[in-house]
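Before I ask anything, here is the structure I am working with.
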Amino acid sequence: MFSVEVRDRIMIAHSLPDPFFGPAQKLHGATYLVDVTFFREQLTTQNVVVDIGAALDVLGKTLKPLAYQNLDALPQFGSQLTTTEFLCKYIFDRIAEAARTGALGADGKTLSRIRVTLSETDLARASYEGAIGG
Amino acid sequence: MFSVEVRDRIMIAHSLPDPFFGPAQKLHGATYLVDVTFFREQLTTQNVVVDIGAALDVLGKTLKPLAYQNLDALPQFGSQLTTTEFLCKYIFDRIAEAARTGALGADGKTLSRIRVTLSETDLARASYEGAIGG
Amino acid sequence: MFSVEVRDRIMIAHSLPDPFFGPAQKLHGATYLVDVTFFREQLTTQNVVVDIGAALDVLGKTLKPLAYQNLDALPQFGSQLTTTEFLCKYIFDRIAEAARTGALGADGKTLSRIRVTLSETDLARASYEGAIGG
Amino acid sequence: MFSVEVRDRIMIAHSLPDPFFGPAQKLHGATYLVDVTFFREQLTTQNVVVDIGAALDVLGKTLKPLAYQNLDALPQFGSQLTTTEFLCKYIFDRIAEAARTGALGADGKTLSRIRVTLSETDLARASYEGAIGG
Amino acid sequence: MFSVEVRDRIMIAHSLPDPFFGPAQKLHGATYLVDVTFFREQLTTQNVVVDIGAALDVLGKTLKPLAYQNLDALPQFGSQLTTTEFLCKYIFDRIAEAARTGALGADGKTLSRIRVTLSETDLARASYEGAIGG
Amino acid sequence: MFSVEVRDRIMIAHSLPDPFFGPAQKLHGATYLVDVTFFREQLTTQNVVVDIGAALDVLGKTLKPLAYQNLDALPQFGSQLTTTEFLCKYIFDRIAEAARTGALGADGKTLSRIRVTLSETDLARASYEGAIGG
């Protein structure tokens, strides 16, 4: 199994309004380092998993609507708790859709799996990994 | 599959008294960076894999009896070779037990897998990954 | 010249309401990795620059009133632009005061300089360095 | 499942002569951080996955014919596009062969899997993972 | 003294044709992580050392003519040995000029010092630091 | 001012037998990442601060007598408290002597300063910087 991983980052505000989260119930924020890993069983004719430039471009476009935002005010999140885990899945869904619809090039449609990892501090991170199939 | 990973660290002394280990047969020591990853198929009702605060707390309590110790003198290790790999499994067993007995909260009992990674230098690390089921 | 450096972190929300800051004018947030470096010409009688445990404790207490906060709502910042640079100096002032008043132990009063570095992403960080003398 | 991971590095020149690669079609170069992970179901009698010293030695010997080379001029690569992904598989094949032929010690023959990861920048890396069986 | 540091990266080929450099005499390559630090005694009216966006932009424009190039073939380097140290100074000169001519904004002209650090592997890096004054 | 920095590492055991050190009074150990920075005002005729290969070699030879040792049992340390700060100065003295006596090449004698940094965990490190002049 081959993989390629690319990195970008966003700075956001949000709150986690459930007693479960203790002090993080209040409005605070985070820098998320976002690592996206693309998996493929066999390389393409150019000997790649995915075009790294296209992967960075898709990742940047996926993150742009979130960058410098207060997630509590974004309609797409409704009343969801925007935990790091939830955001991993949210970003995964958008990148998987980009792969299926050709935004990663024709070969992007045949990727087997994608993993999205968000590091919130030097001590804690979360990830979601799944098949890209719609 | 979702995961959450948390980090802590310990400084210990030990020896590896088998000719296999060359200069490491002598009493020496290590700083271990300890990364523990918790895996779960579906998020809990709070959209998390595990409470990060509880995870850091359980990890800290697991490492405390080892911190600033000479492992050669600890009865729980008997005459075992306390390699980095062995210590990964030892820490895994304690954290898996904490998960099963509710120290990570009620949801901790339904985690699917745990991985423990110990980095001994910038150039070498080991890990153990397994199901938490007792 | 000797130095000792310790690390902690905070997650905050804030806005930078000046057109200079482009998209960062909006309410957003950051994880700050906070590295504090203590400088001393000669070691103390225990061969240290400063007690690392006391240094981590003072750093933690300095950051606690900021952790999980919206800096826009904290009275101590008034209408200041809470840039990364500004926060370096703010944290520096509190840690230098702690040194002068003995919170780092008697030897803390004779430190020569302190540097505070805040990393806001993997690509950008700021610092402030100065003498501790009041 | 246990694993051990070791790190080395090489500095090489190469070109990627296919329009797919844009500016990287030209002769340029890279520092590759090379992380090799060895997997084993059960530890050996010395409580290890593999001798870390032997693993670093095999990795160093594997990389030596590539270090400070222009890959375009090396006969073993023919007209292959020496992408990061391709080089992961090339290094994997050599280390898997070393494992099968005993260069990692007698226990090296019973490793289950190997993963090779090459980081080309702080923002991009690739990997190949497979069973060692010939 | 305040500072701000930003990071970018380039991948280049070059040779170091002097027996002093041993195997690096041959055509090889490197990924350089490039960290540029800007120093200022007092913050500007926006509480910054320099506009981080402008700093990243100037750094990117400075590196673009070198990215994916064989430095041996670039006329600006003549027969100079393009060591990591030399490249630090080369990049410093261009960024200092950009500061003096206003490419970092009006406040960029009053920066006190700049430092350029190039990491060539995880084990080795070089830097040049100087005043910006022409 | 130019600089070059190189990295190596050692794993040691020691105790810090003074009540000041709390739990670290007991025999424990550490992995030290050792970064040595060499400073020079003007580059040599080969456009370098120091031969990186020679610097890594001198660093390795300096660390070898300490590697895999119990520092409490080494005669050169007598009853000194082998704190991280003390070890920075100890390693500095040996590398400065190597520079003065030509082990870094003829140009090594004209280095201006050296800094030695030891990281003991991901959260704490110490350094010593001084002129090399004997």
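When the chains are written out, they are named A, B, C, D, E and F in that same order, and each has its own residue count from 1.
Operating definition for what follows: a residue touches a chain if its C-beta (ideal position, glycine included) is under 8 Å from a C-beta of that chain, and two chains touch if they have at least 3 such contacts.
Source: prediction; values computed, not measured.
The fewest steps needed to get from chain C to chain F, moving only between touching chains, is 1.
Summary of the copy comparison: rotating chain A onto chain C for the best CA superposition needs 180 degrees, to the nearest 5. Same-residue interface: chain D and chain E share over half of the residue numbers found at their contact. In this assembly, the C-alpha centroid of chain E lies 27 Å from the C-alpha centroid of chain F. Averaging C-alpha coordinates per chain places the centre of chain B 31 Å away from that of chain C.
Residue positions 7, 122-123 of chain E each touch two or more of the other chains.
Taken as a contact graph, the chains fit none of the simple arrangements: neither line, ring, star nor complete graph. All chain pairs that count as touching, in label order, are A-B, A-C, A-D, B-D, B-F, C-E, C-F, D-E, E-F. Residue ranges of chain C in contact with chain E, taken from their complex: 18, 20-22, 80-86, 88-89, 122-130. Within the complex, the chain A residues that touch chain C are 7, 9, 11-14, 23-24, 26-33, 67-70, 120-123. Those residues of chain E that touch chain C in the complex are listed here as 1-8, 43, 46-49, 51-53, 56.
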